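In what follows, chain A forms one complex with chain B and a second complex with chain C.
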Partner chain A sequence: MIQTILNALSLGGTYALASLGLGLVFGVMRLVNFAYSELITIAAYTLVMTNQLPIMVSFLFSVVVTSLAAVLMELLIYRRLRGAAPAIMLVASFGLSKLLQQVYELCFGALPRSASIAPWMSGELKFAGVSITNASLITAILTIVLLLAMRYLLNKTSFGIQLKAASADFRTARLLGVRANHLISLAFVMSGVLAAFVGAILVVGNPQVEPMFGMNMTILALVGIVIGGISSLPGSALGGFIVGVILSLLNTWLGNGRVYSYSWLFAAVFIILLVRPGGLLSKGQEMERV
Partner chain B sequence: MFAKSWVKGLTRFSFTEIFIPLIIVAGSSLWLSGRSTSLLLFIKFTLCYLMMVLSLQVFVGNSGVLSFGHGSFAMVGAFVSGLATAPLVIKQHAMSLSNLWQPLVDFKLNLGMSLLASAIAGGVFAALTGGFLMRLNGLAAGIATFALLGITYNILFNNNHIGPSNQALPGVSQFSSLTLPLVLVLLAMVLVYFYNLSRLGRTLRATREDNMASRGLGINIVRVRWMSFMFSGLLAGLAGAMYAHVGGAVQVQDYYLGFTFFTLAMLIVGGSASLWGAVLGTIVVSGVSQILLMWEQSTPVLGVTIHLPIGTRAIVIAGMLVVILLWRPNGISNGNEFKLPNFLSKIKVS
Partner chain C sequence: MSLGFVAEGLSKSFGALEVLNNVSLTIKPGETVGLLGPNGAGKTTLINILTGYEHADLGSITLDGQSLNKLPTHTRAHNGLARTFQSGRLFSQLTVAENIALGALSVGVSSKVAEKRTKDILGILEIADLAENRANAISHGNARLVGLARAVVAEPKYLIMDEPAAGINEHESPILLAALKTVGKTLGCGMLLVEHNVQLVIDFSSRIIVLATGNLIYDGTPEQALSDPAVKSAYLGEMSLNITNVSH
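And then the complex of A and B:
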């Protein structure tokens, strides 16, 4: 039971991180970044390829690579598309995502690359008669810490307040002196850092990295930001968390029927969207602007 | 003049806009397919893609609402048509079909009827899901259609009572010649063209251009989108069935993300706002793709051979989509219908 709750929390937390990474970028430039999945993938590849280094060094390395990739993505592609219709940017990011997948396939091969990353993570911890895996405990703690850190960052620092202002109304924020290029680049860096964390959490659970490694996570995180309220950062995180928790619980409860857990999840999403088309934390009017 | 009196309500009908694309599609198909059997197969697959891109153009192009969900109508169409034409002996003895629901084992139609059934199935499925989906707007709608694709794929991939689940359904009857798929596609092009000119098509484009203003003019957005979604689902179901009849097998993975990406790329590269864009995009993307495929296999194209590593093709297609979006966000056709070059059209005016 405790294991189930912990699993749900850690999966929910992971999805919340991924959704937040997507939501940060969406907020500043109305871009649904499908290629986020390739950021998660590159983070995982970096961890697997630098497996011989100490884990912290390897992880730092992957954070640097991932955020660099995110910034490059913005500079080379998305900067030129700024102001285009959201649908155009969505398709462009879909194309970029496919492009990077093919590049990974060319570089690393289509078959999974694997390495045992932090083997002690799969150990179990006995605690008052219940046993829980180290990985789920650490993931749960890590995501809670990260979410609190993000909360602090968004609410208390100048960068965070600028980000929130830009998400609410980008044009007005610019008029009030928010530097657009600067802020957007920073949002991409943050999104890259979050992707690196998500990639690391995923790769510990499943060290088989292949070119489409981040795809599933990203699609579900996207669904998360839509049900949470696409133009609100806390909404994104909440939506992601809900998706993760529902998925984890469905996987536990459905038993043999767990192959259909995605269908149930998506059905739940449909219902939420029908009741609240703008997402759980939306204020109604915001949809019109998008 | 002639055009206006010919079909009532068509205000912008022009012969060149529809006939030249028809001639290009028919001419290039007939010419290329006679050259080799591999090109014949390529043309057949391209015609299926064209049908799918037409379907996407009807909805995505005219409404401006992205749909990742059309693959699910193609899946349904393919399953209906595949199960209707696969021989009884295969349905009873194939390992992957041992759990098939009895009425489906007995379900049997000839090729023409199965195509019709798949179009209807696609249309009905679109009508049922569209009733919910069309209430959503903008990006929420895009993501929700993704969820639709996810559900359909998830169910068809795992349930072996309604189909071959994750295996292939073999023995689906194949098109004996190019005639039937070509005629179907040409017919669809004419239908889509007239649809785009019709009151419904124009109303839908009005909602794309300005959501608020069109509502102010008394357009029921949910209704016009829903009707187009149905028409579009019909064509997508047909496209999925055609794909099954070209390949001779049905496998649900064929209609999932790769298929969705490839057909959307065709639409966007050509320009989603016009029939000509859909046709041009399909020709350009599948043409480039075929040339690169031949080069990957070291086959000469028009006497030129370049040795490319396997995988170049997919990179180039995805790269092409991104570059086109950066360079010309409205696609190669820029959203216009086919127009003769200026000097030619001047001659015709007198």
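And then the complex of A and C:
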């Protein structure tokens, strides 16, 4: 039971990080960045391809590459489309996602690339009769530390307050003087850093990296954002966490019926949205004539 | 360099609808100017153009001699232009203190200075007890004061206020007027008050301009505005107003 709960919290935390990474960019650009999936994937590929290096060096390298990829995404594609209709931005992010998948396929092949990432992570700790894998424990600790760090960043720093304001109402934030380019670039960097962590957590559990490696996580993280409240960063994290916990518990409880996990998950999502159509932490927005 | 917030020859049309026609106005440093006009006169469009939210078809805007024409909204704020909003536009996820501090942080003030300014303005406006409340948990009148405080902590050179008295009751109106006068005195910045509450505008402003159907029809003292035939015809009608207590 404890193992089940820890696994659920661990997966919930991972989804929370992914949803937060997506939510950061959505907040400042109102952009559903489907290419976030490819940031997770490039993080995983980097870890696999630099496997011969010490794990911390390899991981830092992955963080740098992923953040850089996120910034380039913003500078080369999304900045040029800023102000375009939401549908155009959405199609652009789809297009970028597919394009990057093809690039990965060209560079790394269509078949999975694998490597043994930190094999000691698959070991187990036994405590009071309970077995816990090192990976579950480290993932749980890592996500808690990261979420606390993000909480501090968002609540206690100038950048965080400006980012939260811009996420809730970007136009008003700009009228107050919030620097758009600066804030958006930083949001992409943070989104990239979170994608690197998510990619690392995923690749430790499943070191078979292929061009669509991050897709499943990204789609469910988007579901988490919708559940939590699309304009709320704490809501994004909470929504992602809920999705991860529900999915993990369903996978355990359904046993052989786990193939229906997603059906039950989306049933739960529909119920949540029926009760709170704007998401769990959404706030009604007042319309004004500005 | 000419000091002042100067708009010259602003014109704006939405399709065939002409909203502003060759409107010019000047706010000198430290001056309090009231902007009156009936609904549809073009007041909001004028504010939106002045703050960069919309762009004029024709005309120019300068702030202390520097052209603002091509500058985006946030850069105008960094150059010393602040505004309040009709509905407060507070950020509901933030506390009252965070909302106010944001006004300073967003124009590059350090966290420490922003915190001090926030504490000071909370005291000046006598709303310090609201500091830790969520912005969506305070009254409409207090939200107006918080919106004003948020603009003030940026220490702007010029402050534009969009109907700060809209929706507040007659008991809150004198409190708002006192707050506006305190802010004007403390900051010494040029202020443009856009308001339907004519009495509040007269009590607050040293000069009044009046817009009607996109045209500027009056620019002068509050006293003369009350007897100006064009102003009476377009906006005031037979409104009874008290100008005996005017103290600017």
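A few comments on the model shown:
Definition applied: the second predicted complex is superposed on the first by the 283 of 290 C-alpha atoms of A that agree within 3 Å, B and C clash if a C-alpha of one lies under 4 Å from a C-alpha of the other, contacts with A are read in each partner's own complex, and residues count from 1 in each chain.
The rule is simple: a contact is a pair of C-beta atoms (placed from the backbone, for glycine too) under 8 Å apart; a residue touches a chain by one contact, two chains touch by 3 or more.
As the structure is a computational prediction, the values presented were derived from the model and not from experiment.
Legend: residue contacts after superposition of the two complexes on their common chain; A:107 is shown touching neither chain B nor chain C. In the superposition on chain A, A:232 contacts chain C only, with no contact to chain B.
In the superposed model, A:88 makes contact with chain B only, not with chain C. Looking at the shared chain after the overlay, A:275 reaches neither chain B nor chain C.
Contacts of A:98 after superposition on the shared chain: chain B is touched, whereas chain C is not.
Shared contact residues on chain A (touching chain B in one structure, chain C in the other): 288, 290.
Within the complex formed with chain A, the residues of chain C that make contact are 44, 48, 51-53, 72-74, 77-78, 82-83, 85-87, 89, 91-94, 98, 101-103, 105-108, 110-111, 114, 136, 150, 154. On the side of chain B, the complex with chain A involves touching residues 64-66, 132, 135-140, 142-144, 146-148, 150-151, 154-155, 158, 211-212, 257, 261, 264-265, 268, 309, 311, 314-315, 317-319, 321-322, 325-326, 329. Chain contact summary for the complex, chain A toward chain C: residues 157-158, 161-162, 164-165, 168-169, 171-180, 232, 234, 283, 286, 288-290.
Within the complex, the chain A residues that touch chain B are 32, 77, 80-81, 84-88, 90-92, 94-96, 98-99, 102-103, 105-106, 215, 219, 222-223, 226, 230, 259-260, 262-263, 266-267, 269-270, 273-274, 277-279, 287-288, 290.
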